[in-house]
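Labels run A, B, C and D following the written order; every chain starts at residue 1.
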Amino acid sequence: MIVKDAVCPFCGCLCDDIEVEVEEGRVVAVTNACELGTTKFMGEKRMKNPILRDGDRWKDITYDEAVRYAADVLLEAERPLLYGWSGTHGEAQCVGVHMAELIRGVIDNTSSVCHGPSILAIQEVGHPGCTLGVVKNRADLVIYWGSNPIDAHPRHLSRYTRYAEGFFLENAFRDRKVIVIDVRKTETANIADEFVQIRPGGDYAVLSALRAIVQGKADTIPRTVAGVTREQLVRVANLCMNAKFGAVYFGLGLTMTQGKYKNIRNAIELVSELSRHTKFTISAMRGHYNVYGSNEVNTWMTGYPFGIDFSRGIAFYNPGETTAVDILARKECDAALIVGSDPAAHFPRKCLEHLADIPVVQLDPYPNATTAFCNVQIPVAVTGIDAEGTAYRMDGVPIRTRKVLSTDYLSDEEVLARMYARMQEVLEQ
Amino acid sequence: MTFLMLTGRTVNQGVTVENKTSAEYAAETSTCFMHEFDMMELGLDDRDTVRVTGACGEVVMRAAASPEVEMGTVFVPYGPYANHIVAAGTRSTGMPDFKSHKVEIEPTDEEPKLVHELMEDLGGLAYDR
Amino acid sequence: MTELLVKNACVIDPLRGINAEVMDIAIRDGKIVEEVSDAAEVIDARGMLTMPGGVDSHTHICGTKVNFGRYMSPEDMRAGRTPRRGPLHATSGYSVPTTYGNSYRYSVMGYTTLLEGAMAPLEARHTHEEFTYTPLQDTMANTLFDGNWGIMEAIHDGDIKRVAAIIAWTLSAVKGFGIKLTNPGGTEAWQWGKNVSCIRDPVPYFEVTPAEIIRSVVEANELLHLPHSVHLHCNNLGTPGNYSCTLGTFGLIPDLNEKRQTLYATHVQFHAYGGSGWKDFCSKSEPIARYVDMRPQIVMDMGQVMFGRTTTMTADGPMEFNLYRLHHEKWSNHDVELETGSGIIPVIYRRKNLVNSIMWAIGLELALLTKSPWQCLLTTDNPNGAPFVKYPEIIGLLMSKKYRDAEFATIHPDTEARVPLPAIERELDWYEIAVMTRAGQARALGIQDLGKGHLAPGADADVAIYPLKIDEVDPSAEYQKVIDGFSRTEYTIKRGRVVARRGDCLVHGTNATFWVKPKVPENYDMGKDPDFIEKFDRYYTVRMSNYPVQEEYLARNRCIETEADL
Amino acid sequence: MKVTLAMKPAAKGFIPIEAESIVPKNFLAGTDLLVWRGNRELRLDEVFSVSVEGEADRAEGVEVVLSGETFRLKRVGEYMDGGKITVLGGIGMHCGNFMSGGTIEIHGNADGWLGREMAGGTIICRGDAADYCASGYRGGRKGMKGGTVEVFGHTGDFLAESLAGGTVVVHGDAGDMPGAEMRGGTLVVDGDCSRPAANMKGGSCYVYGTARGMLPTFKKIGTVQHEGRTLIQFAGDLANRGKGNLFVKGYEYLD
């Protein structure tokens, strides 16, 4: 059987033109997807059943036992942390929010270690953005700043920018200029028309300088700014102002370096400044296929996109305090539920040391690094492969992922709903 | 020698990220990409092992030359090896300094650990080693 | 079978011409019925004012733009935070509350049906997801067609039937209710950073004018026999002197429908400005109201501004950018490929600001000067003019000259010379308020036949009982009692169940979504039209098969089928 | 009246305790107050040994003394409008949030958000203060609007972010981006810092040490004499059409 227009559950591009060939309950071929997506569709080695850590060994348990254990451990906690959520569908995320509310825990998603700083910046100055198709059809200038799509979002260039055709561009490849700005000369830099190499930690200064140049104050700028000559900065500013439609795509090169969200704020303010001259937009290269969805769901249900603390019943938001890395490193939680992410692979070691000390429950289809810190892991279906549900693309477009094969695994939503029901039952008693 | 360590995504990291118990994932995320001159200075050949020491620990990786890396900096794909030495402080933003970490690098005879060994060092229990 | 009997209700039900009659209302299984058995649960309304559940025909509560307003505004979320309590979920927010916050606060005010004013088709799924989490109201979404490439091309080709066919396909696909045009043509121009100034400016590249878009889409709307008329946010919102553009727009509209208006013009306050700039900015509510008085084919809503902070959000991207340049506060914009756009900025309307004071007066003037309350409905364009929780205060202002004068004394002193408000003596009565907050809204939306906005047997049992004895309260003098009464119902009944009582919601509910599915002949089915499919595949970034919103997204599915004349 | 609160050793030592009820005014009506540990509500005396000496009839007559392991204690002195709080050790996040009057003196270190959105009164921190000292809240509203914060040690990053009024003095070094987005008030850093006054709109920022990573969008005006020091004066931040004043003893660009 061939499933057409399947939706790739890997990165924030959420490509929805994938053809998946399924034979005897297995994916045997994948067309149109990049290497990352193909590998995910072809993934093997699922965990077969729920497991419980019993001293120095692992024990198989039933789903009912696992659900009961998970619910009870989280209910007992004085400050449970519910973390992850980017690797699952929106319907499951909704149950997660209700759960956090019910047990008065902290709910955070992977954006806190990804584009959380971008969100903090947007909360200060807003966000002039657009859907990917607007860029594809109109943009004659695309800037990748601190992002490396060839490695992280491989089809971004072919679907939306460098190699994409566009309604208003006669010859898109020729008429569309690409600027790459980075501290490393990445693969993406090699396909750029202009590469601007910044000294590490210098993004903010370069952004400020560009803003001043766009305002006509080039003469006040020093001869070099963070390794970039004033001449090049003026050239880049002119390219921007002379574009009919410019689009900036930024990545973790801005969110993870010194100043964090202030870098993004500065980039957004540059785009707002350019909007006085021509059309300009800016967008984050969101990582997980549904990290944006977890921000959306959290926002409409709690008012905040990530890092929400329900300890006091009402929602409290303060990234840096209510975000997962801070809470774990400061040992401020006493149980954790992990869904759709792998913090043990992606968090600093100090966080893992605390995970080792508290009860941890994980919902994940595969054994992963976090498995080692679990008291219970419950295997679930993979959204986009054997479960369906809503995901939000990096530009906010919601797409329903498809189920391409049937397995006996429960979806995240189903397992969470069972845990939630158990919690309600216990609380009512 | 002191370096600035950056971390980031690579295609190979992405391809292996859903199978974290695999040797391929361990190999990719324990690679320390360096400028060839820096490697010469340290007397390193490709795939030689190095001890990388950060503010809060040390980890053994394999060095590999990369034309994308500037002298004085190293690049390590996201994953458990880099995170073994990344400090957890976020400057109260929620985000650790994943892309700006000062590290010391020296040659070593030790081999990189496996992912599950790193996890066990921190108090975890490997599942299907 | 569940039965409920509301006894001794002082009913105002304008769609049935009932004005303050004390009567009983019988309810069975969520519908109004002639009578119920003796086993029915009884609520004694003790002569309190009882009306059909409130209907808001233009509000922004769910979807991409609204959620972005929340996302960018943690400072707004610091107000209005409540914890989870029994069946009720936590809420946050003041001008852009969470979905639960919206739903509970509307319910406490007796509102049971809401129309989301602007849904971009490409992002429709998001709106529907949020509807699901708006549990205590029924909802419907106006769907944006202001910058739709296919429609502009068909208009350019003079093919109205194709315009209708594209609308039909899109509404069915995205589960939309009505047609919304926001600054028609302007949102497409804005994707180049440009705008159109009024109805005669051609849209770049597409070479059609806003006037052509409006007229064609109005015709198409009637070919499709949609329940609602075209719902228009005129060009040139918020600029001095724009009233002439508004009048020019109204002049385009023929009278094509016997049952309802042919054009619904929304938040007209923002389109009723005189002057040549901010210095001589003034009210032009009088010519607008006079014009509407003579044109039964036009219904408008107020878009009242109230003082305080709020968040403005609209599909009108260029207008928001101009606002941003005035305020230099945070600004968000979101253009949607081949379709439309949106913009958001937070604002504070200040009493001491002359322009804001004039805006406040204009909204009230429109409601007081328009003869028929059926033609000027009560809204704030929530949250653009003010959050909807201000509705009771607006009702108070409309019912009391004394209250208006007291407020007028606190606003910018130069306002008096710029607005006719101080000279207007009219005070609206209870019946007129009922028209402007439910009956008129239901008729304008074309949902009275679906059991909304009235209490005839067969109607949805959505009832609001307010703690007001209208023969004991003089609204002209005791306006505070009016405000308090409309702020919290004694009972709000939704689908036959008491959902709110004296300011508290009591239960969780399930939202129903109304949407339209026009039946078109095979040759007008865009799902099979090769040219439509080819353009879709080339220029959208979503596959056509992944575009339609699946019925799974509708908690309760109220599909309205129409027969198109194509 | 002197209220002494000695923190008892806790079973779950790392779960933060939120104690916005610890404000001098509240003790006028007794010590029957509540605090929260995670999602559990506790009586004040479950967490502290409480003792009261003397009497008072207004907040100004109340001094609250906190001792023990109070570095995890959050929100102490929130909305305080008079009286005094003395912390013998360190204090947790959000101490003195929204404070409008009175004095808080901390003998140890203060965690993040010390004096956030403060409107008046005085905070003295004898040790170090962590990030976001005297700052605003998420969403970019005005930060501190009035009052005084004085830190004798060092501070973390984002000191006095969005400062709109009042005075902030740090005798040690400050971290990255002190005075970011400031639009009013006065910020003084006796030691070094990096990237001061980024994107400033107004107000005055003094750095008596060296400003590292000096931003390229400040325009050099000349030198001025200030309290016996020769400082270099800059105007900016030009990127933000700002009209603020930045005075530094020395500076280095990241060039």
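One rule holds for everything that comes next: contacts are C-beta pairs under 8 Å (C-beta built on N, C-alpha and C of every residue); 3 or more make two chains touch, one makes a residue touch a chain.
Computed from a predicted structure; not experimentally measured.
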Distance-to-centre winner among chains (Cα means, whole assembly as reference): A
Pair exhibiting more inter-chain C-beta contacts, C-D or A-B: A-B
Inter-chain centre distance, chain B versus chain C - centres from mean C-alpha coordinates, in Å: 56
Distance from the mean Cα position of chain D to that of chain C, given in whole angstrom: 45
Chain A-chain B separation of Cα centroids, rounded to whole Å: 22
Inter-chain centre distance, chain A versus chain C - centres from mean C-alpha coordinates, in Å: 34
Where chain C touches two or more other chains at once, by residue number: 72-74, 76, 330
Numbers and ranges of chain A residues touching at least 2 other chains: 120, 123-125, 201, 258, 310, 312, 317, 319-321
Multi-chain contact residues (two or more partners), chain D: 112-113, 131-132, 137-140, 176
Chain contact graph, described as a line, ring, star, complete graph or other shape: other
Contact footprint of chain A on chain C as seen in their complex: 62, 64, 67-68, 70-74, 76-77, 81-84, 89-93, 97-101, 122-123, 125-126, 129-130, 133, 191-193, 205, 321, 324-325, 330-338, 341, 344-345, 538-543, 545-546, 550
Chain D-facing residues of chain B, complex: 91-92
List of chain A residues in touch with chain B within their complex: 10-11, 35-36, 39-40, 43, 45, 51, 53, 56-58, 112-113, 116-117, 120, 148, 150-152, 154, 183-187, 200-201, 252-253, 255-258, 260-261, 287, 306-307, 319-321, 323-326, 328-329, 342, 344-353, 355-357, 366-369, 371-373, 377
List of chain D residues in touch with chain C within their complex: 137-141
Chain D to chain A touching residues, read off their complex: 12, 14-16, 18, 36-40, 93, 112-113, 131-132, 137-140, 176-177, 180-181, 195, 198-199, 213, 215-217, 219, 237-241, 253-255
